[in-house]
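Order of writing sets the labels: A, B, C, D, E and F. Residues in every chain begin at 1.
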Amino acid sequence: MRLTEFCERLDDELRTGDFADLDASANGLQVGPERGTVERVAFCTDGVRQTFERAADWGADAVVVHHGISWGGIERITGRTYGRVAPLVDHDVALYVSHLPLDSHPELGNAAGLADLLALEDREPFGRVGPEHVGQRGRASDAFTVDELRETLAGELSTGGQPVRTIDFGPDEIRDVAIATGDGSDYVPEAGAKDVDALVMGEGKQKTYHEAREAGLNVFLAGHYATETFGVRNLQDWVETWDEGIETTFLDVPTGL
Amino acid sequence: MRLTEFCERLDDELRTGDFADLDASANGLQVGPERGTVERVAFCTDGVRQTFERAADWGADAVVVHHGISWGGIERITGRTYGRVAPLVDHDVALYVSHLPLDSHPELGNAAGLADLLALEDREPFGRVGPEHVGQRGRASDAFTVDELRETLAGELSTGGQPVRTIDFGPDEIRDVAIATGDGSDYVPEAGAKDVDALVMGEGKQKTYHEAREAGLNVFLAGHYATETFGVRNLQDWVETWDEGIETTFLDVPTGL
Amino acid sequence: MRLTEFCERLDDELRTGDFADLDASANGLQVGPERGTVERVAFCTDGVRQTFERAADWGADAVVVHHGISWGGIERITGRTYGRVAPLVDHDVALYVSHLPLDSHPELGNAAGLADLLALEDREPFGRVGPEHVGQRGRASDAFTVDELRETLAGELSTGGQPVRTIDFGPDEIRDVAIATGDGSDYVPEAGAKDVDALVMGEGKQKTYHEAREAGLNVFLAGHYATETFGVRNLQDWVETWDEGIETTFLDVPTGL
Amino acid sequence: MRLTEFCERLDDELRTGDFADLDASANGLQVGPERGTVERVAFCTDGVRQTFERAADWGADAVVVHHGISWGGIERITGRTYGRVAPLVDHDVALYVSHLPLDSHPELGNAAGLADLLALEDREPFGRVGPEHVGQRGRASDAFTVDELRETLAGELSTGGQPVRTIDFGPDEIRDVAIATGDGSDYVPEAGAKDVDALVMGEGKQKTYHEAREAGLNVFLAGHYATETFGVRNLQDWVETWDEGIETTFLDVPTGL
Amino acid sequence: MRLTEFCERLDDELRTGDFADLDASANGLQVGPERGTVERVAFCTDGVRQTFERAADWGADAVVVHHGISWGGIERITGRTYGRVAPLVDHDVALYVSHLPLDSHPELGNAAGLADLLALEDREPFGRVGPEHVGQRGRASDAFTVDELRETLAGELSTGGQPVRTIDFGPDEIRDVAIATGDGSDYVPEAGAKDVDALVMGEGKQKTYHEAREAGLNVFLAGHYATETFGVRNLQDWVETWDEGIETTFLDVPTGL
Amino acid sequence: MRLTEFCERLDDELRTGDFADLDASANGLQVGPERGTVERVAFCTDGVRQTFERAADWGADAVVVHHGISWGGIERITGRTYGRVAPLVDHDVALYVSHLPLDSHPELGNAAGLADLLALEDREPFGRVGPEHVGQRGRASDAFTVDELRETLAGELSTGGQPVRTIDFGPDEIRDVAIATGDGSDYVPEAGAKDVDALVMGEGKQKTYHEAREAGLNVFLAGHYATETFGVRNLQDWVETWDEGIETTFLDVPTGL
């Protein structure tokens, strides 16, 4: 399959163009000779030297990631950036990136995958970024206690051995759950305003504690990496269904963050 | 003591004006009637409803914090902001804020305090922000192992019961230590370029894991709150030495973040 | 009535959201605990310490003003701003602001009220600001002389004892009248281009004299305050018609400017 | 005298270059063929069609004004701008402009001239604009009452028949006087902070009333034009002293604003 | 014919308003007394002193140009700008400018005229600028060789005696041709991506050589002036068809650039 | 020699840091693994695929160029950029870039080299860019005629077979010469104001013709490439003098532009 066509299919499904002015990430093809072909594709969350080297070892023609290497432009291909670009160029591996478009996809996205895990119903978009939303909210058919929700997350996610932290200023019984994968710290006010019982996010910040307290909200910090493998794995499953017989692999490199 | 004079002394010592274009925080007096007087001053890290209410209960005339309420301007005094402003105004408590100026102070600052704790020698500025530095680096007279340094931090800091996380891609023996309190995630490249053995920071981000790995660096995540009580406590000690007989208290509200 | 619902009704009627990118004023609720309730509402043109104190004395739950306290963000709640915020917070008075949305409203607005006073017919929007208009123009059924129009304005408006100034470079007989309440100095060119006979504004600037002269236009400076009481008084009348039995008052504090 | 040399002498004395980033006005030569010569120069406050035509009628080679025609760039030489440019070009009259540099000059400037009129002593800069000041403050050897100061201003200034308005929330006896000629409405807070007894300005705005009230300040609105003839008349006197025998005239066109 | 109406007709046909945010040129009337009338109109590519003087000598009431004098605002009417404005004002010649709107017009525009010359078929827009296109592409019914296309251009265009330069890294046989008149150097990547055989432009830059080489593209540098006389001559022809009997002339001043 | 030290020596000599805010080019090391070493260095004007491949074929460890690949940041390493980066990464060739710093250097720079060629005396900086100058001016001991100067340039420079174009609106006898290598089109006004007899530049624009005419100036367009080989060849000579025994080569790829 031509690399160009591979990228176009993903761009179409993920509406890459709609996020051009919203996302610092340069989504779509970030590294690649455009006239290449694609038979083997690796999927992973972070586009870094370790995953690029593993993709090259596996014989990938392309690697699809959530976190790429171009955030507002690469000034110099030196130091850390050189260390990331070199294995791609040396082994002719193209890099395709989908950041907010992949968070945002209503079925394939990171928040959608986490909402599936929690079996939330009555889904609605959550986590407003301009005209788009990068999260989801929904309702649990059976309420969770704080401990049950933490244990569910800790048991199912790839947390790299780190605990799931809770900030439990909300109700004991949790039915309405909002999800903001990755860095969710900007969405506590929206969760407070929408009167959900809990906000599940990846990574918080210092301000998250008091914002949760003042909003009377339960916040679960399940890990940036742990909450953001859904999107790339869903893309992998989707690519597997194509007629082109593309071989795929998922590279799991948990960071515990 | 007149509130105006109180603020001027702090502004002079902390060089507040030099940070006007560097810091999103509006440093100096953020809330207050300017013609007030100051006899009792509370010190704490976070300026939030909980600490403002405790300061008011204690009878404070002013509260001195590291994290204030004006970051690039307050558009509306509603919701969470109203909940923070109201206890100050209702009880005539002035709010004095010092963010980057307090990180940066070579003796009283947060990084200085943490470097004191680790008994680092040959101190130099670290953590460049424009023409200023918000961290420090130095050399341990006796090398730490990774475990020893983690245990020292966990044992001495107010971590709110949370563990100190290590990302140990650096040497086993740690002599040269860089410090960036609070959110230190922007300073991994500088630490890598300066060939220190370890970077001690408060709070990291997802990117920190692979940046540390690619730089061959040990990173210690000791907690945003836990690494940022030094500055306000040092200010408290300094104010206690004045002739004016100001009464002080420190309000410890660890967030575990 | 819940404060939230009170604000929503006004926001809907005044189309507050449509002015978000046009107006430096943060329109809508500027100060308030959001979960409050509203039974007594004061209306006035200027949101300042004097009017806030009078509203508090009268027992207002909310005060609705044309000129609020947040214009591009409040950096510090100190000095003059503290003096304005304190009476609101101390007496639990919410502050609702409508600047350009209230100038612009086709029936309730300031320009509409002044056009009603002059009995102008064939009204059209005037005073373009982006896609909106903050003034009106219309035609007098009986022409005014310059003196008649000045005397009408001086007789009917709350000018605080100050004269209505005329710059009379236009025709002796005035039929077509444009209105730009408050600071109208940006709209002389538009009035010149549209060939009206007179522009009635509140406050002018030095440049207004020669711009009027070069455009061959009569300009009437009737006072910023004097031309901007219509909107808040119309809002008051409208709120009085609601079923909720809200008690209202209008606080008249002419500035003579 | 060559026009180039004429402009350079004024630019040097007025420090035109130091205001390049502070002033919207394009100070210095705004219209002119650079290789022209100068024998007759008209001086006036406002650079407008009326004054340019009068300058041309008088046979001026150049006209020196405080308010020019280029404020942030001329997009089109049409309409009002064409009406101003045409008499200059048609009669080969060069236009030299000095806005903030002329407000600011410590001896020749507008504020300096008004301070001379009031015989203020112990002069200091007032009215901060970046690193410069556009006003002055000083101390009257004999205190004024509010009425005395108003009458002095009304009697001496070219007010075009308009009254001097007072907003008298300050002390009855006025010793310390700050001066901000032209539009002085941005300087009420500085006057309040510096505890002067009165601020004399040209033109105010609606907000001036309450700002003066809340600062406990006397404000005198003496007219934009009336307070800004000093600078150009002082320049005229200075040019008269040159050896080149340049003939001069002052064109007095009061606006009453 | 009134000048205002003359300008409105051109603005309508050329969709001047749609280019307001895309073009540094202030399109439409740039110099003129608005209330003037138009009986004789000169057309030329460059609005400069030489063409303005020739237009005035011919007795023009207006001159219509592709390159005007206001690009992002005129700060001062001095030096070169004075030398251009003076002949217009002195002889009451209005200046009408159409830059990108005239490049872009699908029948009257510069690219359209050059595509007519080359008898290109199946025309499509080329040369994207925001939502507009400033060039065209099309297909030659009979293929050109590189030499044939160069000779056609050299033979038909007003090149001022300068050669047409070719950079011939594309195919020997040229069927698909893209056109970007004037400075075409920004459009080599678009031409490369669209797989045309040749890009005909006016003026290139240093980077054009290697960009053409790396894209495998033939580039023809036919001259900025030489490729941009079509638009103004097409406007001239169009104005000639009006009922108003306007007399016209075309002023040919080739620059050889 | 370590690559880091190689870059530091060049950065020091060329004052790379002083141009950080003036130059769109990211000067200094643009591509490279920083911990590399340098024994063989190629020098050329343009950093493009062709020169990078030739440098790799020659066995270069580094290539030093005037025109690099990062101008305001690389958004994606795809298409043309991939084609340029790949030969560098594949063959471990580092890329060092010096744009304005190399134009500007008083002895080694491009303008200096061209002034040497013309044997100009009494050199002064010319071509102001912020606080720096990117050109030079000087005086010929024996005056040139226009033809003599053109022939000198055509005879000595690497013009790729293209003629040197003259725009000869200046004096017949040329003594004072200003030089702006590469794209010199922004410096015609400065040359006009400084009353030089001729401006020698690389590449002009359409506007250059009339600007030269209106300034009464001779302009010589000697080619962007042809005027910008001096700097890199001077750097080569300088590196040859070092004790490190670095082998060098110059890659001459004239563009004729």
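Criterion: a residue touches a chain if its C-beta (ideal position, glycine included) is under 8 Å from a C-beta of that chain, and two chains touch if they have at least 3 such contacts.
Remember, predicted model here, so these are calculated numbers, not experimental data.
Counting hops only between chains that touch, subunit A reaches subunit F in a minimum of 1.
The chains touching subunit B as well as subunit E do not exist; no chain touches both. Contact with both subunit C and subunit E is made by D. Taken over every residue number at the interface, the positions common to subunit D and subunit E amount to over half, indicating a same-residue contact. One inter-chain figure worth recording: subunit A and subunit C are separated by 49 Å, centre to centre, where each centre is the mean of the chain's CA atoms.
If each chain is reduced to the centroid of its CA atoms, subunit E and subunit F end up 31 Å from each other. With each centre defined as the average position of its C-alpha atoms, the distance from subunit C to subunit F rounds to 61 Å. Those residues of subunit E in touch with two or more other chains are numbered 79, 83. Neighbouring chains touch in a ring; in the direction leading from subunit A to subunit F, they appear as A, F, E, D, C, B. On the side of subunit F, the complex with subunit A involves touching residues 26, 28-34, 70, 72-79, 82-83, 85-86, 89-90.
Only residues 46, 48-50, 67, 79-80, 83-84, 162, 165, 182-183, 189, 192-193, 202-211, 213-215, 224-225, 255-257 of subunit F touch subunit E when the two sit together in their complex.
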